[in-house]
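Two complexes follow with chain A in common, the first pairing it with chain B and the second with chain C.
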Partner chain A sequence: MSQTIWTRTLTWFDGVRRSVCRVGWPATDKDRAAAMISSLFLHIHPARVSRHVLKPTYTFALGLISAILFVVLSVTGLALMFYYVPYPAEAYRSMKDLQFVVTFGIVLRNIHRWSAHAMVGVVFLHMCRVFWTGSYKRPREFNWVVGVLLLLLTLGLSFTGYLLPWDQLAFWAITVGTNIAAYAPVVGDQVKFLLLGGHVIGATTLLRFYVLHCVMLPLAMLLLISLHVWRVRKDGLSGAENHASPTEELAGVFPASTKTYGLMAISKRPQASVEARDPNDEVFAWPHLLYRELLIALAVIVVLHVVSLVFMAPLEEMADPTRTPNPAKAPWYFLGLQELVSYSALVGGVVVPTLLALALLILPYLDRGTSGSGRWFAPERRIANTIFTAVAAAFVGLIVIGTFFRGPNWAWVWPWK
Partner chain B sequence: MEVRNIAPLRLHLLFAGLGITFLLIFSWVLFHEEAAEWRTTQARFRQLEGDVKNPHQLAEAASVGGLRQVWLPDLGRIDRCETCHLGIDDPAFAGAPAPFATHPGTWLATHPTGRFGCTPCHDGQGQATDYAAAAHRPQPFVTRPMRPLETIEANCGTCHRALDPTDAPRLAEGRRLIAESGCFGCHEIPGFEGMTFRGPALDSVGYKVRPAWLASWLKDPKSYLAQSKMGNFRLSPDEIGSLQGFLLSQRMQVPLDSTGVDWKNADTANGRALFGELRCVSCHAVNGRGGTMGPELTNIGDKVRRDWLFSYLKDPHRVQADTPMLQYRLNDAQWRDLTAFLLEQYSSADTGAEPPPVTYQDARLLAAGRAVFERRGCSSCHRLAAIKETGRIGPSLAGIADRDPDELPYGGSTVRHTTDNYIFLKVLLPDTLGQPSGMPTFGFSPADAARITLALASIRKSDLPASYVVGRPALVPYRPGGKFGELVMRYRCLSCHTVGGFGGDLSTVPLDRIGSQLQRDYLANYLLNPGAVRVSVEARMPVFHLSPDEAKTIADYVSMVFLDDRFDRYDTKFTSAEARRGQELYGQLGCQACHQLGTKGGYVGPELSTTGARLKPGWIAAWLSTPQTYKPGTLQPDYGLSGADARALTAYLTSLGRSDAAKARGGKTP
Partner chain C sequence: MTNDRVPPSGLPDPVRRSLFALGGLGLGAATVGFLAATFRFLVPNVLYEPSRRFAVGPASDFPPGSGTFLPDRRLYVFNSADGFYAISSVCTHLGCNVKHIGRGFECPCHGSQFDENGQVVHGPAPKALAWYALSLSPRAQLVVDLDQPVSPEFRLRA
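Moving on, here comes the complex of A and B:
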């Protein structure tokens, strides 16, 4: 009798578990592959991936790290919202409260701050990687465009977040940044007015930036990231087709076949990357890819914690519109533009940023050749790579100059003096 | 056939390594939070509390734990200082080590932390919960780190706006220096509104001073007079030359005619006697001794022309309507003697003969002099009919304490860049801060400059709620009318006496209740022939040589107007028993130790043999009962007399000298 009750109870619990998780802990490759396909959270991975994908020196996991940073920023950002008041003096006071009285407050803020800076850099490097490996070529042209939009969104998120501490650094960086925006012809002033909610930075600006930073831009970001990843999932990682080499590990598990997994089977689009590849070169995403992703996430979190314990997020005096620091500098990623603005407002504020954004957006439709994709610095792409590298280096160089070599009145200073 | 598709071993090792590292880092974060400075400080406090207090007190004391803060929404402040300064309002911790010690003094009684917090007085970052971030010492990005105790009175001044705030001697000294030096002539200074500072009017200076003196004065006023209020404008020789010419050409008002004066027969001995009799040294210093209200006279012979001096002494208000200088009634011979005495006695050895009047005709020179006069803002202090007043020449000092220290110039000075240091240097050496400055060098001592800095450092951008401001009582200028008013103006009574708090502080006798203190007849006589009431005190009222009519007017007015009902309603019908009892008390209390009566007694207090004719009984009784009320700091002891005893003593004192006074009234009194 008691045996029956016990068994029934177990069965009942098993039923509950099954209702949540359809399969048990997958013990076999088949089960794991099935799990990859049936789970909402896992199915953004293919069931099998090319070994080439696992090679760390091909992608340096830059896209993955960007995504991890976005998750970290969302989590810490939500926690920070519990303490933040988007109103001038109160905003600054909440920074002080985070620093002095909120449990783990300063660690939260540091992690959020440094993750945000890191994300700008990592997304930029990710773009460079994609260019240098020629990965934006057909059929991935549009995903490059999505990627450029994501880069702009990342900058927008960082820029709107920059104002929120409401200290001198924030206030004047945003002043300089929005002034650069105002150089745009015809609409410049209107854009600035719309952004600031007035002619100068004030309480309305703070509220606007807060809503943009916490709601609108993250939602847009989430949408575009989904699209971006979805297309990577559909098109596969570039270059896999170039790296066919047999492996003993998988030999015989799956006979070479035309079988495809998931929705790709019914897709009418050419499935070149999936179907053309050699199954012998493939490994199961679980555990090979998932494990590596977990390790990278862990490494990122460890690094963020160490950095956040050692380096404090900057916080200067409370914003004072009557006291302009000299020099007043934009956020570091706009210092290249500010450096250009110091020579010519038209060039630095309008021509260069417009041309850069346009060039990046239409790049895959200009560079139509299909050769040289999937390899770092393919010789046949020497000209394209040279031009891109020069522009990127110039941009980074200008940022370095603006950050370290510009003192009061934007005069040249040596950082070690 | 199923092949186990497993991750390689190195990934497992990496995972283990990273996992352990993460755990370590996270425990570090936990430890970081748990070992916060304020937590360890509170643990130390609990230990100390066990030593300081007995178990009963410990049970009563509110248990301390967690962050403590004072929120002052009116001031926009949150002070968490008491998170560590746990014994600050508990007398049991007097003498405890920092940070637990009780707040010294009684400051917290008048400034409870619940209303004032800590940082409004001390500065520093109140929101912080550790020593460094609280800015006990200067910290980056903390605009106002804690003030050292030496200058903390600057913060008293943000709320306490009176010129003479209590319990803040350095602040009061600084504000006094500002008021005396007339800084508000050139600068708008909050708290000093409505105050004016005037140097002598220069309309007729061409008649007044000797050319050589003027040149040396313009070059450096301190060379003539070390205490000169006028600063050194660092003028070039060219500027001095043209300014000298411009000033000496100012001859609006011709001095009184002195051509008929027989200078050859001037009697300087008589002049010396007059100099003493008129009590000139009450206001004028000679060789470093004397009053400070009027100009120093040590070398007056080097400075002024004879005819001008004669004219000025004879009628000072004619030349300078707003001078506090008194008007005396002497005859021409006496003025001549006094003038001759001053010029002969008080001049340096090498003073030449009276220089002939010079007429300056060079228009270019005069225009240049005028330009210098205007450019350097001389009209801020000196009136000159030829020049329109141009308003304040210096920048406003409103909110000076909140100027951005990094934007201020410090010249080559290597001091730490703080607003305080800037103000100090500017006050001390205005021309050394690396910018051309029109501000003259006033030659303040470093100590005085520090006091002025302290007073200026209390001038913040004004956003203090009104409920925290202890204002400056508005002084209502006292201007009586009628004939009495004319006399008050002519003899400048208010240069020394106060009415309703308005007036000079040279005399210790305010006039507000003088009519209830003094007998009218005594007052009338005293005005005609002032003497020292206290034998031992040298300062006394000068002899004005009033006419009997004038004395009568003043005495009548004063006895009618300057009254205090508290004394006037006193029952003056004394019995002889009371007078006898009073005489006994006079002996018992030892009054004769200080007061003279006839030929016996001490010299400290006033002579008493004519008290009955001098003072009104109501006043005597009130004075004997609570002397400190009427004259803080007086030597007269407060015996705590009962009403009956005070009345008895009053009866006795009132009887003294009455009969003499009655006799004297037979026609002598005006």
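Moving on, here comes the complex of A and C:
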């Protein structure tokens, strides 16, 4: 009798479990495919992936790490919003509260801060990887454009977040940053006025940056990340076609092997054709891809915690518009621009950033050759790689100079002295 | 009627193309209008910041030959032999406060130097420090108007 009740209870629980998650722990290949396809959250993965995708030395997981950092930033940012008040003196006091009064407040703030810095760096490295492997070539041109927009959004999010602590560091970095924006021709002053909500950085500015930082830019980011990932899912990872197994290479000799699927009433076109892929080159995303993603997410979270327990996010004294610190520096990722602006306002503040952004946006439509895609430093892309590497290195060099080699009055200093 | 109006489903097209275009145009116009309104909405009509026109004290507070720094106003007020004048302390480079050193001004942030009239002596500042109009209120107070920039020839004779 009790046995029956026990079995029935188990069956009942199993029914509930099935109503939530229709596939159990996958034991067969069919279930492994179903696990990916039937879940809203997992179906951004294909059911099966090329072995090439799993090679860590091809992507270094930089796109994945950027996405993980975005999730970490969203979660910690939401938590910080429970204590943060976006009004000048109150804002600074809530930072002090987070540091000294709120349990785990300082850890959350440190994780948020260091993740933000890391994200700027990782997104930049991700762009370098995509360039060096020629992965922006057809059919992925537009996804490169989306990626550039995501880089700009990352910088925008970081910049708007920089003001929120309302300390001297924040205030003067934003002063310098918005003044660089004001150098834009014709509309520069109006852009600055709109951004600040007035002539000077004050309560309106803080509120504007807060709304941009907490709502507008993250929503735009979420939308573009979805588009970015969806297109990767549709186009596949670059380079998989270069790592064809011997059977696939024969496809050039024999008639192309394609399967056709009739889509019946869905489409007017009679059929969609999908290239037949070599099943031997592919493994199931469950568990091979998922397992690696989990490990990387864990590693990122562990590193963030260690860094956040050792290094404190900076918080200087409260913002004082009458007292300029010497030197006053923009956030580090804009110090390359500030270094250029220290030579010429027009060149550093307008010409270089505009040309850089435009060049990045139209790059895949200028460099249209399709050879050398999907491999690191392909010899046929030597010129493109050299130009890109030189520009990227120059930019990093300028940031290093602005960060470490510039002291009071923007004079040259040696960082070890 | 041509056959392309009748899809494979056999049902007639529920909407004429012209009506579809009209609807699309209407929606587009509404979107543009909304964006324009939002843009205007974001331009503040009232600024809760210090007034751009303010009194800095009685003229007698600024003795002849003196130069006074008003940190809250980010402004220098001078009283020379031929009258009063005011020069902004906001560096035209990236907005730091310049310091009055010797006869000129120096910016602590990026090393810009200006002469006694605020003209650039040494970069990276792209233009001269701003001069603002001074006037005398009925109660003999010196009044500065930040919305009224003037040339370095400006002097207020008290």
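The working rule: the second predicted complex is superposed on the first by the 370 of 417 C-alpha atoms of A that agree within 3 Å, B and C clash if a C-alpha of one lies under 4 Å from a C-alpha of the other, contacts with A are read in each partner's own complex, and residues count from 1 in each chain.
Assume a contact is a pair of C-beta atoms (placed from the backbone, for glycine too) under 8 Å apart; a residue touches a chain by one contact, two chains touch by 3 or more.
Remember, predicted model here, so these are calculated numbers, not experimental data.
When the two complexes are overlaid on their common chain A, residue A:A345 makes contact with chain C while staying clear of chain B. Looking at the shared chain after the overlay, A:K417 reaches neither chain B nor chain C. Once chain A of one complex is fitted onto chain A of the other, the partner contacts of A:R368 are absent, as it touches neither chain B nor chain C. Contacts of A:G198 after superposition: chain C is touched, whereas chain B is not reached. Legend: residue contacts after superposition of the two complexes on their common chain; A:T175 is shown touching chain C, with no touch to chain B.
On chain A, the surface touched by chain B in one complex and the surface touched by chain C in the other have residues 323 in common. Note for the complex: chain A touches chain C at residues 172, 175-176, 178-180, 183, 193-194, 197-200, 202-204, 265, 268, 321-324, 326-328, 338, 341-346, 408-411.
The part of chain B that touches chain A in the complex is made up of residues 1-3, 5-7, 11, 14-15, 18-19, 21-22, 25-26, 28-29, 32-33, 67, 76, 78, 80, 125, 127-130, 133, 141-143, 404, 407.
Across the complex, chain A is touched by residues 8, 42-44, 47-50, 52, 71-72, 74, 93-97, 106-111, 123-126, 146 of chain C. Chain A contributes residues 28-29, 32, 89, 93, 96-97, 99-101, 103-104, 107, 167-168, 249-250, 252-253, 283-284, 287-288, 291-292, 294-295, 298-299, 301-302, 305-306, 309, 315-317, 323 to its touches with chain B in the complex.
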